[in-house]
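Below, each structure is written out as structure tokens.
The same subunit A turns up in both complexes below, where it pairs with subunit B and then with subunit C.
Showing the complex of A and B:
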């Protein structure tokens, strides 16, 4: 991970290299002014640095796409790519709804999940077991089933007596996706809280902190760091699940792709380029975030 | 079976309006039972296929050939970072249309049907995660053990199957457990390509009989029950495979 590679004695590795020895290892010096920024490493590199091999990989996706399109062609590959080029803005517009749904679902899921997670570590047994059951229920149900459930059983408008509030499909999709996210974030929070050494609780108690104070001022600030990598990971999983709502007719990327192909007359040579393009834009969006989560995890794992 | 439970659910419908039609009407009952089995077959096929993909992938990741390692790394990144739903569509609609078709006497049928594509697609999707899981397990096997195997004259492939894998398996069972539960839940995606599994059939039943809430309850119980069984079996297996003093 360090910029300069110097030959090192066997057994004593660099700061971030996994040391295979149980001997004490001297960590590299880090001054005051070379701290890591949010997106920038202290030596100027970006955290989300796509190296050559990542470029090769993305190129491979592209090549695969072209190859499959080539294989599927009935004589109109150029035409298919040209139509894809024309329809790409329409598909990307659909993709923006995917992102919108994922952001809102994550927001709701995080807030509800944090509350549920804290309930899971409550001292009151009924609250603890109740929230555990609730979490397990939503965690172990398939996403598609939850989505169907919300889409079909929720009203399409709410009548408040004086005003009728319509609920568009995509809002229902947001609720449908936020349920499993909530349950999984709840597990992340619970896991982070119980992963802290019990000495933290005991020393807080000996300093006369109340339970609430201990939670807010000592435990949770330490947990945040542990929760961020899995939280980002769940965001990726959620974003990858959003195309599911096209089954229920929400106008997102898959729906738009199918509509575009319908408009072009459902020719078989379209399938390859269009579906691979869809795969490609999802990959381009998700991959850097996933890499960033791994980088963060590695960064946080060093400090004990 | 239907004779035994039929009257109860018929009575339930007549008195409370809860319409569990597949428990008292022959046609819906047959359809439902079919879906139960198709779902279970789909899940088992996907589980087995994904584990095989994982084992081969983890082996290939430790290979000497750089091209092999790079292509496995590429496979993992592509399948991990794209939506499984779109992967399924790509497999079924893009790759499925260019696979050879056989003449079934009058009409043509693809060699691999929608069930097959669901297994392949979901198997590769979960296989990408399994590869990573098995690789971390393989890495957890001490080098001295591998060296000992080498000293005893094991070839790379034999050392992998007889020594590394049995040890690695024990290390990665908890993570594998998690991923297989995830795969079980993901099999509902097969709905999108009309595999007559639980989700698809339930949709047909509630479309015909307008009993969405009842069907939802049944689906939830079905899937949570299946997850429970899988977790129970995996935990028992984990317990049985434990070597005292190791891991």
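Showing the complex of A and C:
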């Protein structure tokens, strides 16, 4: 329909046939020749293929809408837009906390998840099954419930007798978000390790490499490539989930938006511009990262 | 290389079989793949194992370097029992090199790095000396100029020759070749076979599982024909190919020659 010649690069098909994993590791579906279409057909299903210009279009619609509001001077619309302009720095300040939380949660989640993922491919059965259960528990729990648990169960300060260390609620949010991230990164690591052809293990074995040497020098270096795109993807998902902690009163972008609207008297015409602005800044931050992940995915899909 | 080998100190001497396989039984679950296989390989011999698919050829040579375990019988390499639970498999594998059908090169390393990796990491040899030896090996398998290419940039035949060089870099006493030409184009088969022939003529002990009958006839000292987990017939190439006794061997040879 859209002039797509090959729905899948030949290298990608070979790669999929080889891998044994049921996990979302580099299963790219994107074709090379779908330069024109927003919609892409693959396997009888319809995918939406957002390009940079679509992002620009969304921005243009928003700008046009604001401009039209200003020009029309209907009711409180111009006032609402002007108020948004005044309060934007306050909202952006809140958004910086979203970024901070996402970066720290990703850091902790990645370190813990990598360790947990390696335990999942251990030769020792108790380690393997224990880490599998731990991973599955956090992977299949609602993020919001995990967040509630951490924020309500953790003390707001730790009394060490000689010094009292306060734990600000954003730190607790970091811990709450790092748990599901850890579990998903654990699966990314496990999936990447088991997706390598068993011949790699066998040839390393026949060259007298120990299991530890094989893992660190042969298996993991090949896995890094496969793990980066899903890792970035999880960062995007995490960033978009950070507003959840506004429910617990963390002073991030949503909390600041609500506070700004409160200060302006909670007028209904504020809702549209303010929430749209909130969506917009999240989009502007996350979208380039998601694009980059797709670029990497394409780049790595060809080489093996 | 045949002296004390660190593991248990066997008193093997070069006039005894280097690899001795006695009444080996191997099953995968219910499926019995090897039903009492025996063979002896002397130092410097080149042995070819031929037979129809699923006859247990590959399984047998994978047992020799303990990639597969066995349920009955005994395999010794230079007098050392492979089936011994106390065996240090790493010590065994330093003596037994193996080349696979699918090459299994490490794709994130160049040809030269593939060859150097095991001697430097496993044997802790001096990287400068290992590199010198690796370059000689590259020359030996006729791949000068490909040192810095990644496996993905090499043809199947070239990759397989890097895999042979990689195995040789460990200075093994025995080399196992598991259908190493089965995945190659007819044109590239020859370049790999020539490499193996050179090795055999230099006196390397080789055990090959192969479908290349011409090669087996020319290079092997002894041919084993396996079918359904047993050795049906064996003998020197001339006798084996021209004067096969068993009807199953005759049928197999009739089909492929």
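What we mean here is this: the second predicted complex is superposed on the first by the 235 of 304 C-alpha atoms of A that agree within 3 Å, B and C clash if a C-alpha of one lies under 4 Å from a C-alpha of the other, contacts with A are read in each partner's own complex, and residues count from 1 in each chain.
The rule is short, and it goes like this: contacts are C-beta pairs under 8 Å (C-beta built on N, C-alpha and C of every residue); 3 or more make two chains touch, one makes a residue touch a chain.
Here the structure is a predicted model, which is why all the values come from computation and not from measurement.
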Clash-or-fit label for the pair subunit B, subunit C on subunit A: fit
First (subunit B), second (subunit C), both or neither touched by A:124: neither
Which partner, subunit B or subunit C, touches more subunit A residues: B
Which superposed partner A:218 touches (first subunit B, second subunit C, both, neither): second
Which of subunit B and subunit C A:133 touches, first, second, both or neither: neither
Partner chain(s) touched by A:160 [first = subunit B, second = subunit C, both, neither]: neither
Touching partner for A:152 - first (subunit B), second (subunit C), both, neither: first
Which superposed partner A:243 touches (first subunit B, second subunit C, both, neither): first
Which of subunit B and subunit C A:143 touches, first, second, both or neither: first
First, second, both or neither for A:275, with subunit B first and subunit C second: first
First (subunit B), second (subunit C), both or neither touched by A:203: second
Where subunit B and subunit C come nearest after superposition, their Cα distance in Å: 24
Subunit A residues contacted in one complex by subunit B, in the other by subunit C: none
Subunit A residues touching subunit C - in the complex, by the definition given at the top: 197, 199-200, 202-210, 213, 217-218, 221-222, 303-304
Residue ranges of subunit A in contact with subunit B within the complex: 53, 56-57, 60-61, 68, 71-72, 137, 140-145, 148-149, 152-153, 236, 239-244, 246-247, 254, 268, 271-272, 275-276, 278-279, 282-283, 286-287, 290
Subunit B residues within the subunit A interface of the complex: 70, 73-74, 77-78, 80-87, 89-90, 93-95, 97-98, 181, 185-189, 191-192, 199, 203, 206, 212-213, 216, 219-220, 223-224, 227-228
Subunit C - residues contacting subunit A, complex: 65, 67, 89-91, 93-94, 96-98, 100, 102, 104-108, 117-118, 121-122, 152, 163, 166-167, 170
